[in-house]
């Protein structure tokens, strides 16, 4: 399994429909729970002052990583950057 | 208590509803007053020529800081950057 | 304890003295080991293709964080950026 | 008195003469103390992970601000950015 | 009086109401005339190829500068950057 | 095997020793040949007007990718950026 | 035939009409197939975490390249950057 | 006559009215033809992969240059940058 | 005469020879005085906190502007950006 | 023949050997003359206020373009960016 840092800005509009937003958040939490249970979503942080997040992710490769990220219900509203991580000699 | 510099751009749309804007501003001022009274919002400046602001903030950590920032009524319209500050040796 | 992501570019010069570099690396590994044992340096990754690294760090606040980072023997050659992390609601 | 945020990166070279660096630091601390006593240097923070700093400064105008900053012994090694601050309506 | 360079991008939408735009422009010209007469707006240039402008401005400080800029009828559509200027030794 | 785009700027100094440069280039070509034979270095392009290059690289993961890049004799003089690639649905 | 790297961000709006999006995707896949068959679209990758892509493209020159890119049904929603590639001495 | 390089991004919206776009393009071509005939628009290139363009322009000065650019029917949808050019000693 | 804003960063090294620096400054002031007397250098400001400057310059065109800037004794140490200015309709 | 815009920053050091600089300039002018005579270097401009230049270049493709640029004696001191140009429909 490879490790990645994922940076996500959330640009759901401030005047978006509250019901849509509530639905997305609920389903997002559910899907994230599945990815956490599967060992892909290892850590999740809030970027303070924003609705975005940073995650430590594990996936076999970038292709499966993309499929997992694209399965998030909020995905259409996310601006995502992926940073691949290499194991540091000190942790080998 | 940790100190942070908070930079906020305000992107409430120029053609937004004046009543919504007035309501947000009024509630924003009230909430800011509470955070000032609680010792969190230490200083607040206007960035000249903009509707954004810079604040010197104190909070126990980034998690409570986020909750305080997200409690601002204008939060959905703010683009916020957080800069953590360390005490300088000269002020220890 | 607060969490931070630490990004470090290493600009030790390519034509620097090999002995100095070897000494710095050896002492860096030793000091990192101490910080890892103390629970501050939680994870360490190599940014692939570079001599820099990314770390997940825990410290009481930014002031102690700075002292820990400045205690790294390689510190004078590092260009460090600190990103504060807030606990995400899903992990509370 | 006008308020400014001052951002300073310090690029004293890692392989600079230790005696010069020690002398600069000592004189820098002394001069900063004078500026603090005079009411110009209001707050000083370390940017965590760096040798740079952020200051809240008060000066009659940008011209005197420059003269004060240029009086710092470390000035030739500082890369400084000045951000002017306006009083926020909530603090008037 | 302090001097500032003011950079303004104008993002009035291309498909905005022509009557609103005409009204804003007319009132903008009038207000600019007042600020010029008062000695605040010293010079005004068009940035070629844009609807934005650059101005050399004089104001007692950044707080009054902000109030003057915010009094421009076009202000809600302007993206403004303020650069403080210090008197050069050659002009003292 | 995962695919990556590798961007490398080469900052060997213009006034560097010609013999060192010739030696590095010769060994670089040899090592690149090995990586090409091993199926890691798939394509190599010159960025026109520069001494840098872009490569399409295959490696099991970012950790082995890093080791391969760090094995290039010119590595200490390269400023490398790694972009992970996911298989596009049209090529699955 | 010259080689180019093509970077495309896709900014089809999250709340765009699903039927339009489905139609565009279907026609995009068809047109891409033609360009692949013609030897212009050599490789296509998904940028992980995004709806954008990177392609290795061959075209006689930038003018025909543009015509081919502009023939993509999704073209009005793409933000494209073109990077020309030179053959590396090692591949001559 | 002074020479300028003009960079124009075109942000006419993808879902803009086709009739308006067709009309703008037709009038744009006509106006460009006049400016070409007058000796102002010397060369015009398409930036490959975009709807923007680069032009080599001649005008007596930046003020007339602006008036010419602002006379383009597409001007409200263009994001223009102007780069002044000096005659190179080799062409004097 | 055309107007330009000139931004100059000064990167004379902190450990440069004091005599050279003193000589450059003295000759710089003399040459600037000539350009001021000739009506080219209209205003000169210090960027506060730096050794750089901003100038309002008048020259027949960019070619003569370049020759004037290149005549400054400090020119080899300056990093200069030129912004052409158009007369604003309000000042015609 | 394809057209390209070439941007070159020149970072020959201010304290470089005057004889080397003179020699480079002389040979640069000679080589540029050959490339001009061959129809590759079509136009050459000075970026005002700098020692860099912009050129309109014609070459069969990016590979030959690179070889021509790398043949400039000043090449090791140039930081070059290449922008490919497509023929605009108005010039076809």
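By written order: A, B, C, D, E, F, G, H, I and J. Residues from 1 in each chain.
Convention: a contact is a pair of C-beta atoms (placed from the backbone, for glycine too) under 8 Å apart; a residue touches a chain by one contact, two chains touch by 3 or more.
It should be emphasised that the depicted structure is a prediction, and the values quoted were computed from it without experimental measurement.
*Asks:* Hey, how far apart are chain D and chain G in touch steps, shortest way?
*Replies:* Step count on the best path from chain D to chain G: 3.
*Asks:* Using only Cα atoms to place each chain's centre, name the chain farthest from chain F.
*Replies:* E
*Asks:* Taking mean CA positions as centres, which chain lies farthest from chain A?
*Replies:* Max centre-to-centre separation from chain A belongs to I.
*Asks:* Using mean CA coordinates as chain centres, what's the chain F-chain I distance in Å?
*Replies:* Roughly 42 Å, centre to centre.
*Asks:* Cα centroid separation between chain C and chain D, in whole Å?
*Replies:* 26
*Asks:* Where the centres are mean C-alpha positions, what is the separation of chain C from chain G, in Å?
*Replies:* 40
*Asks:* What are the residue numbers in chain E that touch two or more other chains?
*Replies:* Counting only residues that touch two or more other chains, chain E contributes 3, 46-48, 62-63, 65-66, 82, 84-87.
*Asks:* According to the definition of touch, which chains form touching pairs?
*Replies:* Chain pairs that touch: A-B, A-C, A-F, A-G, B-C, B-D, B-E, C-D, C-F, D-E, D-I, E-H, E-I, F-G, F-J, G-H, G-J, H-I, H-J, I-J.
*Asks:* Can you name the residues of chain E that touch chain I in the complex?
*Replies:* Per the stated touch rule, the residues are 3, 5, 29, 32-33, 36, 43-48, 53-54, 56, 83-91.
*Asks:* In their complex, what parts of chain J are in touch with chain G?
*Replies:* Chain J reaches chain G through residues 2-4, 61-63, 65-66, 82, 84-87.
*Asks:* Report the residues of chain D in contact with chain I in the complex, numbered from low to high.
*Replies:* The contact residues of chain D facing chain I are 6, 8, 62-63, 65-66, 69-70, 76-82.
*Asks:* Using the touch definition up top, name the residues of chain I that touch chain D in the complex.
*Replies:* It comes out as residues 14, 46-50.
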